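Here chain A shows up in two complexes: once beside chain B, once beside chain C.
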Partner chain A sequence: MSAVSTGDRPGTRASRRVRLPSRAAGGHSSRAPGRPRAVGYLYVLPALVLYALFLLVPLGQTAWLSLLHWDGLTAATWAGADNYTALLTDPSLRGPFLHAIVLLLFYSALPVALGLLLASALSRFRVRGAAFFRTVLFLPQVLAMVVVGVAWRSILAPDGLLNDALRAVGLDSLTRSWLGDYTWALPSVGAVGTWVETGLCVVLFLAGAQRIPRELYEAARVDGAGPLREFFAVTLPGLRAEIAVALTLTIVAGLRNFDLIYITTSGGPGNATSVPAYEVYHRAFETNEVGAAAAMGMGLTVLIFVLTVTVSRLVEGRNR
Partner chain B sequence: MRSVSPPAGGSVPGRGAAAPHRPAPRAVRRGAARRAAALTAALTAALLAAACVPGTDGSAAPGAGGSGAAASEVPDPAKAGKATLTVWDQEIRGGQNAELERLNREFEEKYPNVRIKRVARSFSDLKTTLKLAISGNKPPDVIQANQGYPDMVAFVKAGLLRPLDDYAGIYAWNTRYPATLLNLNRVSADARNFGTGRLYGISQTGEYIGVYYNKDVLDDAGVEPPETWKDLTDALPELKEEGELPVQFGNLDKYPAIHTFGVLQNQAGGAEEARESVFGRGEGFDDDPTREAARTLADWKKRGYVPEGANGTGYDDAAKKFADGEGAFLITGTWQLADLKKSMGGKLGFMPPPPAESGAPPVTTGGQGLAWSVTSRARHPQVAAAYLDFITSAHAADVMTEEGVLPALPGKAARRLPEGSADAQMVDGWRKLNDSDGLVPYLDYTTPTFYDSLSADLQGVIDGKLSPGELSTRMHRSYTSFQDKQAGRKPKP
Partner chain C sequence: MTGRLERTVTYGILLLFAALSLTPVAGILSTAFGRQSSLDTGFSLPDGLNWANFADAWTRGHFGSYLSNSVLVAVAVVLVTSLLALPAAYAFGVMRFPGSGLLFYTFVLGLTLPQEALVVPLYFDLRYWQLTDTYWALILPQTAQSLAFGVFWMRSYFRSVPASVIEAARLDGASSWGTLWRVLVPMGRPAISTLVVIVFMWTWNEFLMALVMVSDEAHRTVSLGLAFFQGQHTSETALLAAASVLIALPVVIVYVVLQRRFIEGMLTGAVKE
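Now for the complex of A and B:
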């Protein structure tokens, strides 16, 4: 197996970083050509201004609001860490985060696993009409989440398509009110997420798989690797960068999931499907708890930040 | 290749707080530390840029609503010069939209110098944008404010609404409207309670929760339209036996159960106590009617009187199924009448929940449409007041009736409705409810978070996850803790 040792393929980000020969000979600059120069900031300034205006300032405002008790109308009062303490101690505020973690399984882990499976199958065997399947799988990504939500709400209804199908094959005992069931509502909403995100993963992985040199597969086969071994020794390591991208995108999509919950369950039954993004909206606009909403938003930001950084370090292998 | 160094990013926000003002060091440092410093600086700058206490920029100072000269004579909009009245409302459904457009046009014809700039949004869109609009620099003149703590009381507290007691006197709204209805639009002077105090709006329409029935389904099962509540509950097993769904019900949207529960609570004898508690004057919800109502609701589900998948069926879907003949009864608000009648025609019957004894005055959950209020910084308050009077006048009531909307004060046109039609039954029920003071406000007015907790808990009751006793305890706890909080704040000026 040594012939197919991992990671040395050209194109991983770490190895793309070209080390320039130290100290270019030219005397007009004390800096190496590759070294950052102050003028670089000038080039990024327009983008930076926009970024600051629409991202950093609102982020700062949110951070500030999260330290206050504010109903959105009257003068705010200082809250200190109150909103954050509540975030950790109040079950109605903590619950949404737990739900979000469960949803990550459906939004992220499952689509990536399914995506790998489908992509390796699609790239290994010549499938007639592969482009068609790719399009169909990717289609949910193109649809607005609201459309997806409305469609699935009707599919998952007590007399919706899913239950009809179950009854048609004699599985009456499995039919239930999917979105109204305390146990099944969260997995049901999660399954919709899997449906949406899998296509993205497949397309990403297919693109990545095309860049894996054929020689590696040939070498693996010469070494007597079966399809499974080939997958773990060649395909999986070869797709490392794509997996990191897919994980990042799906984790972010899963954690900021709002529209789907808003359309399908409004967080119900009870609070079984409430998620942070929905609670932020709900508290800020409906119950006038702007401070608590902002704290929740900050918590969500930190969670997304930590998870994506972890992914980029562990999976993508950016250790610098 | 694999690196398991801990993510450095986690420490950044904390650092931003501990070390403000530190400029990003120019010396070239490496990797994470340098990026973190840049981020720290950016965050600090953003924080500083944002660091002012919101809500203190003057516009929303408490008590502002109380200032301004009180009106003392009937305003004449014709003398107001060229005026534009900006109106934000949520009357976007069929009949309500038609009714309001007609009235707006008539008002503009009557006063050619006044132009009405209407901004119509759905209820939830209005709810989410109104707060920003009326606290902004150019607030609308007339708005529709939802009664209760999160909206109307919060607006009054921020001084954004103009008290209308002077106009109520001038236009005789005080005598035109029953006290029960007018009280729902009142907020106390200290902006802590509602249902009492200054008047901050008047409503155009009435609404209450009633029982719709499908005459065909009842006929097929050999069941007469109920005259008493017992008739209705006795009919349920009969209908079930005949293979009909007794009560259509969809509670995926969470709120419909509050209405059903309210009706059951009233029938269990809790009407008076519930009304007092909604306004914060009662003993709360640790009582038998509350528990019995929850028991009945759970029991209906267990016996299959309501659909098995009630928690997973949308409110509109359930109404559509009822219109399609699935279900003998549907317990919901008068706002559904126009739509149901369109698809059911003469098959549709409607009544307030039948009383315990035949012919006794009915009791039910209900109230009125959103209040029409004048903002405290309206440029033409007298034109706004005249507009409010115009859209709630006897003539307006007739326009509403013609468009299939239930006016808060039914007029001449309502008497001409065909006898026995669902519309006539609706108006008749409304009159009886007002005559006998039989309206109980929506339970979700009770505390700012009552809607959330009650709607979520009722899904639990329907599911069987939450016992009637637990529901009652939770409602009561929510009530008492809010009342304590209200009382605890009272010593402060």
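Now for the complex of A and C:
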């Protein structure tokens, strides 16, 4: 093979070209990956074919279907932007998006806030058993959402653990059918999301906090900063990148989440907990509104992209 | 100096959150080992360990066959994903060819793309090809989605390999294909094992695709089986809990052993580009 040629010893032009820019750009994408090699296409091809067939093509088809009125059986008719206008005007289609935004408070904002609280508590001194706490707090992340749903459904049931606990401390008046209550079903499902995502944030922030130089804390303490000032002056700015990652991961997880809604409430009572992820399934496969389901799927995709790009822009913008 | 009070408060908060994390898990375990007749869905300590529920879930709930379906699908997805992602990531990591950047970002796109944007046409496509109610319907779409992570994750490994290693392999006369499989793959075992556990877990826990693609019982995976079981036997909480334990246990055991791999893989899923 001509690729294995002579004259490529370390220190020659070719290999210097490989290394120098990587230092200049902090190891980012500007590092020239080797020499031009058309054989690269052959390495990528098998993966690309499968990826295109089962991901890119369906994505395009969803975009196409979203422009049609189709019940999945008879001939489809052209809808143009109808399905998208309906997303904005029809309350039964707009509602799920509003629910999703409310759920993001529980899936994303609250876990990040709790994660910051726990991580800053954990990093102020050497906590014994930190590894144990990390393992336990991260555990909900590896459980199947279906299992999480089954577990929480029984906790939130009328005769479940939560109501038992409330009765035990004399708060009988607060007991209710948490998942069957029009007002409380959405926050209840949200609380399950908080339970799942908080550990992820804690673990992320703990790793980030370890990279904050100790001197910054010492300097803050010399200046007489209490825990609160220290948190806002040192910990919070130091964790900016981790906060962005945490927001991105939890937003994506929160908006994608179909399993939990399907298992715990199926969107009910009424439409109180219906979210776009659930509505796509419900419309496409239960009420035969394939076009509307596809538009909902596209809307969800756009929402995820807009939110994740906004998060990374906010963080990068401040960095510069 | 940190005061005693602060330490006590910190440990108190930590223990509270650890307890909150574990309560649902403990609830499931205690119900799973409890007696079947007990109608209480609440939290009660079981009177001894009742293995009968697991046997029942295995046979009467058919979880034995669901588990073997899930194993088959997850192993296939992990294998195909690794075999396809490694060469692609290698090319993106160490070779330069026109359009490589664009192609790479096409793969990265899949990391944030929700399944909900794919599942509707995928169902009609696979039904047209008569692949619904087959293992293929569970394996192929899942593999395509796993490739996004596989290519992204393994490329950062190949980029982290010092150029001198690749040079040395070339000087020893290794072809670029040989360099990949005989030098870089053995060296990259930590990164690859992260890929394996993450893709395995995602496939094992996957629910929406299975729900849409499979309607016959013969191809049901564990999460699908659990959902149907919950729908049909709402009152059999002990069996439901035992089945949940059977589903969660394999992943939890691997998680406890290979915790670092899980955490690093799941936290890098966020694209920082």
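Assume the second predicted complex is superposed on the first by the 260 of 320 C-alpha atoms of A that agree within 3 Å, B and C clash if a C-alpha of one lies under 4 Å from a C-alpha of the other, contacts with A are read in each partner's own complex, and residues count from 1 in each chain.
Criterion: a residue touches a chain if its C-beta (ideal position, glycine included) is under 8 Å from a C-beta of that chain, and two chains touch if they have at least 3 such contacts.
Here the structure is a predicted model, which is why all the values come from computation and not from measurement.
In the superposed model, A:222 makes contact with neither chain B nor chain C. Greater residue coverage of chain A by touch, when chain B is weighed against chain C, goes to C.
Of the two partner chains placed by superposition, chain B and chain C are both touched by A:72. In the overlay built on the shared chain, the residue A:174 is in contact with neither chain B nor chain C. Contact with chain C, but none with chain B, is seen for A:258 once the two complexes are overlaid on the shared chain. By the touch criterion defined above, A:157 reaches both chain B and chain C. In the superposition on chain A, A:285 makes contact with both chain B and chain C. In the superposition on chain A, A:56 makes contact with both chain B and chain C. In the superposition on chain A, contact is made by A:305 with both chain B and chain C.
Once both structures are placed on chain A, chain A residues 36, 56-57, 59, 61, 65, 72, 153, 157, 159, 285, 290, 298, 305 are touched by chain B and, in the other complex, by chain C. Only residues 2, 6-7, 9-11, 13-14, 17-18, 20-25, 27-28, 31, 40-43, 80, 84-85, 87-88, 90-97, 100-101, 103, 106-107, 110, 112-125, 140-141, 143-145, 147-148, 151, 159, 163-164, 166-167, 170-171, 173-176, 201, 204-205, 207-208, 211-212, 222-223, 226-227, 230, 237, 240-241, 244, 247-248, 251-252, 255-256, 259, 262-263, 266-267, 269-273 of chain C touch chain A when the two sit together in their complex. Residues of chain A that touch chain C in their complex: 1, 3-4, 8-10, 15, 18-19, 27, 29, 31-41, 43-44, 46-48, 50-51, 53-59, 61-62, 65, 72, 114, 117-118, 121-122, 124-125, 127, 132-148, 150-155, 157, 159-161, 164, 195, 198-200, 203-204, 207, 227, 241, 244-245, 248-249, 252, 255-256, 258-259, 262-263, 276-277, 280-281, 284-285, 290, 293-294, 296-298, 300-301, 304-305, 308, 312. On chain A, the positions that touch chain B within their shared complex are 6-7, 14, 36, 52, 56-57, 59-61, 63-65, 68, 70-76, 153, 156-159, 176-182, 265-271, 282, 285-288, 290, 298, 302, 305-306, 309-310, 313-314, 317-320. The part of chain B that touches chain A in the complex is made up of residues 1-5, 7, 9-10, 13, 28, 31, 42-43, 45-51, 53-56, 60-62, 127-128, 131, 135, 150, 154-155, 157-158, 160, 251-254, 307-314, 317, 448-449, 452, 455-457, 459-460, 463, 465-466.
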